[in-house]
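Accompanying notes for the structure given below.
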Amino acid sequence: MEKNVALKDTTLFFGFAAVILLLPILLEPIGANYPDLLQKIAIFGIFAIGFNILFGLTGYLSFGHAAFIGIGSYMTLWSFKLLTMNVVPAIMFSVILAGVFAYIIGFVSLRRSGIYFSILTLAFAQMCYSLAYSVLTPITNGETGLQTRAIRKSSETSLLDGDIRIIDQAFGVQELGVPTTNFFGMAMSGYTGFYFCAVLLIVCFFIAQRITRSNFGIMLKAIKSNQNRLNYTGIHTRPYLITAFVISGMYAGLAGSLMAATDPIAGAERMQWTASGEVVLMTILGGVGTLVGPVLGAGIIKYAEQKVSSWNEGILESFFSFLPETLQHFMANLGVLFVGEGWHTTLGLLFMIIVIFLPGGIMEGIRRIGAKFSRKKPEADTNAAAPQPAE
Amino acid sequence: MDAIFLQFLNGLDKGGAYALIALGLTLVFGTLGVVNFAHGALFMMGAFCAVTLQRLLNISYERVSETETDFLGKPLKEQVPYLQDIVGTDTAAWIGDYSVPLSIFLAIIVMGIVGVIMERGLIKHFYKRPHADQILVTFGLAIVVGELIRHYYGANPIPQSAPNSVSGSANVGEWFGLGPNVIYPWWRLVYFAFSATVIFGVFAFLQFTTFGMVVRAGMQDREMVGLLGINIERKFTIVFALAAIVAGVAGAMYTPILPPDYNMGMDFLVLSFVVVVVGGMGSLGGAVLAGFLLGILQSFASMQAVQNLIPGISQIIVYLIAVIVLLTLPRGLLGRKGVMED
Amino acid sequence: MSAAEEMKNEQSRQFERGTANTVLHIDDVHKSFAGLHALSDVDLDVREGETHAIIGPNGAGKSTLLNVCVGRLKPDRGAVVFDGEVLTGKSPHEINQLGVARVFQTPEVFPELTVLENVMVPALSKRDGHFRLNPFKNFFREKAIREEAESVLENVGLQAQLSGLASTMSRGDKRRLELAMGLIQHPRLLLLDEPTAGMARHDTNATIDLLKKIKEGGMTKVIIEHDMHVVFSLADRISVLAGGRIIAQGTPEEIKVDPRVKEAYLGEEQV
C-alpha cells in the first residue's frame, strides 16, 4: 500500500506539472490560450490550493481569506515602489507579511470553531477592507488603488505619486517612464509571466501534496473528522490549526503578490468578502479536500468569467437563431441575465447547484463516473469497493 | 452633552434595522437550525418593494395638455399616472406621498410568498446538511438575488422620500429640555418607533400564542418538540416566512434613510451576523439588545472627537466589538449553553 | 501559586511518599449539576497494575467520575491525582500525554479516516507529543507505527478492515477500534467506559480475553461496566458507587457478599 500511494503521488505530481506547463497548448481549442487568462488561472489555483489546506483538511470555513490577498498585493506594490521592480523580494516580503497577519488573525479566530470561526474571519477581513479605504489611505491610496510610478524628482512628492526604488537606483537601472515588473531582467508579462506563475503553482501543489500526506496532514484530517476525540488522544489541536491557517494565509499572500506582480496595481476591492466567497466556490466546485480539485475549480471559474462576461445580447441572439423568432428573443432576454454584466448571477447559481447536487465537487463527480465504469469490469470491483486512503 | 444625545438618537434607527434583521436570523437559526446568509437579501428585497411600489404608482400614459404650452406655443405633452385617473388627483398625490409606509403592505405580501417559496424550495432540503453547506447555498442565493436586482433596477442607489408630513426635523432637544441644537429627522424617529413596534409584536406573538409557544419550545429543544408529535415542518415554513416579512418591512421602511442598491443586502448581512453572534446565537432578546447596542456604539464611534482619538474606529467598531465579545463571552451577551457548540 | 494549589501539590507529594504503588488517587471529589449531587465525597485509590472495576446502578455517577478523571468535567471540590500529578484543571490532551487513555462508551472514532489511520493517530500522539510541526514527514512511511497499529488491530480482530473507512464499520467493530486506539498508546492507566456494551456474547468473551492479556503486561485499568460477568472475570478490586457515593470497596469476593451492595442493587437483576 505504501508503495502504491507513493507511486500514485508521483504520477499525480508529474501529471499535474505537465498539464499546467502545457496549458497554453491544451487550452487552445477552447480559445483560452492567452497569457492574461492563463496567469489568472495559475494565481487563483495557488489561492485555492492554499484555502483548501485549511477548509479541505480541517473543515474550518474561513470567510476572510481575501484579506491576505490584499495584504500580499499592497506589500508587493510597496516593494516595487521602494526597493526594486524585481518580483523576487516582493514575493518574499508578501508571503512573510501575510503569514504574520495570518498568525495574528488565526490566533484570535481559532479560539472558536464552526460558524463563529467563519464570522470572526469575516469580521477581520471586513476590518482590513474598511481600514484600507479609510485610515490606511496613506498606505493603500484608497479608492484609486496603489500603483507604481516613475522615480520621484524631489522628496516633496508623496511616495504614492513618485517611487524611489532604492535597490534599482543603486544598481543604476535606467528607467524610461514607469518600468515593468521583472524577474531578474525578464519582463513579467505575457508568457513569461504565466510560466513564472505556473512554476510557483507547481511548487505550491507539491508542498500541498506533501502536507496532505504528512503526519501533520493526517492530524488536520482528524481535526475535521472528530476534533474532540483528538483532544482525548493527547493532541493539542490549536497549534495544528494555527499552523494550517498560517500556511493557507501565506498561499493567499503569494497569490495576492502575483496578482500585483503581473499587473502592478492593488486596490481594496480585492479584500471584499465576495472575493473570499469566490475562493470558497472554486474549492467546492473542484472538490473540497482533494488536491487537484481546487485548481480545476479555479481554472473553470476564471475561464467562465472571461467567456461569459464577454458575451452580450447579440451573441445570444445569434446563438439561439435556430429557434423560432419569438422563442429566440425570449431565450436571448432570459440569457442576458446570466452573461456579460450578469456573470455574477451565473456564479451564484453555479454555487447553489454545486452545493445542492454535488457537494463533493467535480472530483467527486469524476470518481462516481469512474466507479460506474469500473463496476462493469468484475476484476476491478474489489478495488472500487475498498475506499482508497484519502485522495 | 447635546452631541452625545444626538449620537444616541442616531444609533437608534440604525440599531432598529440591525435588531429587526438579527431577530429574523435568530428566529430561523433557533428553530430551523439553518444559518441563512441570504437574510440580508431579504432585507434588500423589502427595500426594493418600496421602490417597486413607487414605480407602479407612477406608471403613466402620455396626453396632450389642454392648458399648458411649450415655448413654441404648441400644446405640451404631459405624463399622467393611471392612478390619478382612477382615484383622482388629490388621493393619488396622497398615495404617492405615502408610498414608503404603504409599501409595508406590499412587502408583507411579497416577502411572505418569497419566504414560503424559499423555505419549501431550498431551505427545507438543508436542515440535515452541515452548517457550511447551508452557509454556502444561501450565500449563492444572496449573490443571485443581488445580481437580479442590479439587472432590473440598475447599480445606482435609488433614493426614496419620506412622506411630507414627517420629512422635516423634530426639535427633540426641546422635548427633553436640552439645547435648541438637538434636532433630528422625523422619519428616523418614525423608524425607531416602527422597529420597536415590530419587535414588540414579534415577541408578543411568540409569548402569547400557542404557535409561539411551540416555536419557543422548539428553540429550547428541537427533538423534544418532534417527540410531542407536533408537525414542526409546517411551523418551520411559517417561522421562515415571518422572518422574511420582518426583514422585508424593515428594509422597506429603511429606504428614506438609506437609498437602496443591490449591495445593501450583503452589507447588512455581515453586520447583522455580527449582531447575532454578539447577542448570543439563538437568543431573541440578545439579538435585539445587541442590535441597538451596536447601532448606538457605531454612531458614537463616528463622532469627530472619537475619530480624532482613534482614527478609523467608526469603520471597524462593530467588528472589533464582535471579536472582543466572542473571545470574552463565547456565547455572546445572552446566549444559551449548547447552541452551535459542536 | 494560590494557596489551594499549593495544598493540592503538598497533598500529592505526601501521597507520593506514602502510598507509592497507588497510581490514581481520587481525593474527596464533589460534583453537582444544578443542585443535583452527582458525586459526593468520592475517595478512591487505584493501585499500580490492578484492574479496578467501578460498578453501580444506573445514574450512580460512574460516567461523571470518569469524565472528571479525563478532564471533561471539572469537579466542584476535590482533586484527581495521577502518579503525583494533579489532573484537575488540566486539559484533556495534557492528561492523555501523562499516560491516561480513555476508551469511550459510545464509539468516538474518526469516521472519515481509515481504520488503520484511526489507530496510527493516537500512536503518533504517544510518540511525538501533543504537537509536533512535521508537515513534510510522510505519514505513509511511518513503518514502525504502522506495523504496531496493524498488530494491535489484529489483537482486537480488525485485521481484515485496515483500509476501510471507520464510518462504514458496525457499532461493535467501532467499539473494538476504540479499544485499539486506547491500547496502542500503552497508557499507564486505561479508563474503559463499558467496553463490552452492545457486544454479542462471544465478542464480549474475546474482549475479556484481550483485556486479560494486557493485564499480564502490567497496565493499570479502571473499568466501568454493567455486565457482572465481565466485572468478575477481570477485576482485582471493585468499588461500588451508588447515589454519587462509594458505598463499598474490596475484592470481588468481598463485594459479592457485601449486604450494602445487595441493597443498592435491589431490584436490579444482575445480583
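Lettered A, B and C in written order, each chain numbered from 1.
Going forward, a contact is a pair of C-beta atoms (placed from the backbone, for glycine too) under 8 Å apart; a residue touches a chain by one contact, two chains touch by 3 or more.
It should be emphasised that the depicted structure is a prediction, and the values quoted were computed from it without experimental measurement.
Chain contacts in this assembly form an open path, with each chain touching only its neighbours along a single line. Comparing per-chain C-alpha centres with the mean over every protein C-alpha atom, the closest match is chain A. Work out the mean CA point of chain B and of chain C, and you get 53 Å between them.
Centroids of chain A and chain B (each the mean of its C-alpha atoms) stand 34 Å apart.
Averaged C-alpha coordinates give centres for chain A and chain C that are 46 Å from one another. For chain A, the set of residues that touch two or more other chains is empty.
Residues of chain C found to touch two or more other chains are absent.
Residues 1-2, 5-6, 210-211, 213-219, 221-222, 224-226, 228-237, 239-240, 243, 247, 386-390 of chain A are the ones touching chain C in the complex.
Interface residues of chain C, counted against chain A in their complex, comprise 70, 91-93, 96-97, 101-102, 104, 108-114, 117, 120-122, 124-126, 128-143, 146, 163-165, 168, 181, 185. Across the interface of their complex, chain A is touched by residues 35, 122, 125, 129, 131-133, 135-137, 139-144, 146-148, 150-151, 266, 270, 273-274, 277, 281, 311-312, 315-316, 318-320, 322-323, 326-327, 330, 340-342 of chain B.
By the touch criterion stated above, chain A contacts chain B in their complex at residues 59, 61, 108, 111-112, 114-116, 118-120, 122-124, 126-127, 130-131, 133-136, 273-274, 277, 280-281, 284, 337, 341-342, 344-345, 347-352, 355-356, 359.
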